[in-house]
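Common to both upcoming complexes is chain A, partnered first by chain B, then by chain C.
What follows is the complex of A and B.
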């Protein structure tokens, strides 16, 4: 099983008819090709090493292609079949790949993929709800799977999954979930970590801000303080880092950017410089984005590169929803309205 | 991601499981890639075989010494496979294995895979099973001391968990002191400092000592985001929780400014300080002066010292103007 399995045989080579002035800098068709070819040749080793996150890999590829308006290059049916095979008949959760154990991370990815394909009716959604509900702990936090690791990432995954399934109401204890996330807010910088007392980290801030957005609780944030810390993440190169004194990275750029967007503070950083940084992380030969300029591309950073450009309003890309990291038209189709702040 | 030792493992001394007498009873279970046409992946022969046998062992639920050894081999090939880690724990429980050996094994695995979620999680479960965290401070210290890894999030998480669960706060400040003296910009270490003192209690004496400690560090490196954030965090712990709670800090920061320092963090601190006062003391005679200071500093930030975030600074100035124009009772 690899990504080429999902590529429809009818796909032709890269077309250049849509190419105009504005796409010159974004190597649009190379990225499309890169995602189509994901796992085909030279990255075989990496592909089998990343089996344990295959479901998320598909979500990253599907979402990036959809944002680029190229979703029809993949075969909807075989992807849905793959996702269905990964639902655990006992727990209801999804594994990343057949033969692996179900986990909250891949459960969200699976539900995101199915929402994109408008195919939630293909699975047992109630079983997914039961799985997620069963992982909430008395303090409101969530286990990632039945083995008991707690992390604010899992809180976000739980709430996002239930939101996409339209089952946030009346399933988990939302109040406690919010309370736990707020207990991870640091008094020094207004950011959030993985657990109470853990260092603020842009990826985890995205999870916590995202959870507050989905539960309509953004008023709990000290928006100006957190917003300041987040925009401090922008470095002279234009890229954003995830913590002070760390290197800039395309994925952190997404997490900071989406958090700022949710909080209505996107304009506090320099969009032009960030766009330049993201574009500098494209692999001009193979397509795809890397974490930073000159490194090897991967599918994970490719989604976050494309997603970041979409948030920045790059042309020829569909709008992405900052909270759920999915195309906005799908979120609209589902009738979901994650909270967003506007600058007072 | 490539593991160079993998190449060596492919050498002649490795005997495939299919040729081992003591594995003759097991039928390997290949990966089922589903009914769709598949471009076959060039797994190394060893990788393929180990995981084919691993799947077979998991499928028949065998929990034995040879199964344990097989997980060791599988995890050596791919330490991120959390299903294999889970099965390994099941075997350890079933065999009632010596968990001290497991800790020793993990010391080495963590040394080589210090940024892998699964290895740390496994470590935590083993420590819980043993109910003994005797080695956890040393382990995480080694991981953090490893060149370039002083901010390893996994190691810090594990350390905080061990400290909190087994009440190991006693010598932690000493450790943090050392890390900060080695790298004053180590945000993880400053965070740990706050974590420890929050537990021990921010008494007036502790607050005073911490403010002094932080100011001393800022004197050495003025443009240190972590130290300035920590300073604010400590000030917020004081009974009034105000940025002007400590006259020493006010004097210190204004002194830096007078001496010509224009670090964006210093200016940001002064802006917050004056803004807070301006909003709280609406009727004071110097209120207008305070507001004026904020506007001037914001202007300087936007045009000179922090141009990339100029929109943020113009927001701060505008926000204060709006707030001050509202009737004070709404605050």
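What follows is the complex of A and C.
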């Protein structure tokens, strides 16, 4: 029996104790400390359990700190050494951590980290290109790794990786990649799922809109339909969910917001209320952000909380690029110009 | 001295973990019908085995989970950090690969998200060290613990690739999806896997229509199930599905609500087609397609009524509203496509005209059903009117509606 069916509608899940507080502020230095200390306790159970995504964990930490202007708090050299050790000599792809198998997800994270540190020359970029190209299927979709799972997330990872390596031209079949992504568009709501026919999901919408942005094909979107659906994600408490009837989650503050920003429709969301929600997800004791008010923080939600606040124009944060989820100055330095629709 | 104590402590820990791993695997060997696993919240160690086995249910007390996982994890990662040749030797050798499987069983039950561990299992299957049927059972066990595990579902799809479609128990696979969806609301991966099953076993369409209707009645806020049903309906029409001697009463009732009376002097099918496809050259469409059109529109109409009833029973909910719009749109879209002599839209189609591109080409005024829908729907509040404008292109002001 699924007891969540009896949850009251449109509650948003916020605890009442926070509603009386005055405008919360960003606990800037607490978050810096939280990220810096992440993983420092060697016997941390959570850290061990999440080793399988370590590369992404590092990318989330590096990006969040850079947006906060505090990247020098991390040891650049040891991070680059770690990334290098994770490149698989056979396939060219990157593992999340030594001893784990390479995968498209961690290949993107590795390239994102090295772009931020301006250290792409430390790895074999050609091998990465070969790895990504080798995973494209005849219908334009991408496997995550050699074992054959298809998902639009992997399409985004492929295109983003190649864009950052300045190798999108003449590598994969871009036309087919776009065609596959469009086959995952649901006519009922203009959204995108993981595979053709799959339910529209804000995270996957970000991946598909991001891919269209990187391939300059945003005209293929039905902006009215999709914009509407994305705005419906905002709940009365101000937080955003990822699909109908779900609870709000800080990570959707990123995926919904960045999609709307790329589509030139950021103003369709109430930013004031969203900002309040994101700030209510801060852990005032340890620093970091949790998925929703009152829960335990983690590095994933910390990046997306910071990222969301940056998109909303928070003063203490550097600009973040909505397509690649990296500091805008890095994207500028690389000369990359993802497409963005004008404000409407 | 302290180092010695630490080493001894670590050795004791290791020995204990090895014992627990052995105990867990002993349950696997003993119980061929093991069907659920859970971590039992118990923070204190009462100096007895943390492995609990009761009637095909396996439990592991939480106090030891982190230590056991840490130990199994380290062992597996050390294996993976060897050279490819060394790893292959381990996989080829019966005893060593059996040992590996024991660690994999425990590690994946505690942490099903570790993709690499599933890969090692795949390699063991390829080398015939693990049997496909036992692996299907193992992944079902993981799903009992974590119904949302995409790794477990993906593994099942990979395992089935070695079997021919007619040898696979597809209804059983549906029940795995249903169990996972029942336990975890809006279970994305369970419903996505269910679509994969349906693609491979379109014969299950009828039973799926029945099962999903029951499911959405019960799980009122689980939008994944409503979405699946919408896909099911499109698929049914795409396949030309219909049922003989269908009374089509829901469709008749829906049209009656829009103040459209079916001509009592002709048979049911003909009366409905006259209302939905007026002045249409029927000879251009096959009879089976028209029967499927009526059958599917009838299912859609019964869903419209279901949403209205559910709203009366439970109050306003996003799911009811969204599903009602989706199925109503289905009816409108299929009418328009037939009237424009277009083929039905494939679920996986990209390109091709969307409904709101087709509608302007169309003279709605001569179509009593579309006029009635527009009149009724645009009078249901601002938000719904905006939706109609975006999706059904009904926002255009007409002098008759003033």
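In the analysis below, the second predicted complex is superposed on the first by the 316 of 344 C-alpha atoms of A that agree within 3 Å, B and C clash if a C-alpha of one lies under 4 Å from a C-alpha of the other, contacts with A are read in each partner's own complex, and residues count from 1 in each chain.
Just so we're on the same page, contacts are C-beta pairs under 8 Å (C-beta built on N, C-alpha and C of every residue); 3 or more make two chains touch, one makes a residue touch a chain.
What you see is a predicted model; the values in this text were computed from it and never measured.
Undergrad: Superpose on chain A as described above, then tell me if chain B and chain C fit or clash.
TA: Taken together on chain A, chain C would clash with chain B, as the superposition shows.
Undergrad: Quick one: is A:301 in contact with chain B, with chain C, with both, or with neither? Answer first, second, both or neither.
TA: After superposition on chain A, A:301 lies in contact with neither partner.
Undergrad: Just checking: does A:30 make contact with chain B only, chain C only, both, or neither of them? Give me first, second, both or neither.
TA: neither
Undergrad: Let me test your reading of the model: by the given contact rule, A:343 touches which partner, first (chain B), second (chain C), both or neither?
TA: First partner only, chain B.
Undergrad: Tell me which touches more residues of chain A here: chain C or chain B.
TA: Touching more residues of chain A than the other partner does is B.
Undergrad: Which partner does A:268 reach: the first (chain B), the second (chain C), both, or neither?
TA: The first partner, chain B, only.
Undergrad: For A:179, using the defined touch cut-off, is the partner it touches chain B, chain C, both, or neither? Pick first, second, both or neither.
TA: Touch status of A:179: second partner only.
Undergrad: Give one of first, second, both or neither to describe whether A:231 is in contact with chain B, with chain C, with both, or with none.
TA: It touches chain B, and chain C stays clear.
Undergrad: With the two structures laid over each other on chain A, which partner does A:78 touch: chain B (first), chain C (second), both, or neither?
TA: first
Undergrad: Give one of first, second, both or neither to describe whether A:222 is in contact with chain B, with chain C, with both, or with none.
TA: second
Undergrad: Mind sorting out which residues of chain A both chain B and chain C touch, each in its own complex?
TA: Chain A residues touching both partners: 1-2, 4-5, 45, 48-49, 51-52, 98-101, 103, 147-149, 186-188, 193-195, 197-201, 224, 228, 243-246.
Undergrad: Name, in rising order, each residue of chain A that touches chain C in their complex.
TA: It comes out as residues 1-2, 4-5, 7, 9-10, 45, 48-49, 51-52, 90, 95, 98-101, 103, 145, 147-149, 179, 182-183, 185-188, 193-201, 222, 224-225, 228, 243-246.
Undergrad: Quick one: which bits of chain C touch chain A in the complex? Just the residue numbers, please.
TA: Residues in contact with chain A: 66, 69-70, 73, 77-78, 80-81, 84, 111, 113-116, 119, 122, 154, 158, 182-186, 188, 191-192, 195, 218-224, 227-228, 230-231, 315-319, 322, 325-326, 329, 345, 347-351, 354-355, 386-387, 390-391.
Undergrad: In the complex, go through chain B and note every residue touching chain A.
TA: Contacts found on chain B: 1-2, 31-39, 41-44, 47, 55, 78, 80-83, 86, 117, 121, 124-125, 151, 153, 156-157, 160-161, 164, 185-188, 190-192, 194-195, 198, 225-226, 229-230, 232-233, 236-237, 268, 308-309, 311-312, 315-316, 319, 322.
Undergrad: Touching residues of chain A toward chain B in the complex: what are they?
TA: 1-2, 4-5, 39-40, 44-52, 78, 81-82, 85, 98-101, 103, 147-149, 186-189, 193-195, 197-201, 224, 227-229, 231-232, 234, 236, 243-246, 265, 267-270, 273, 343-344
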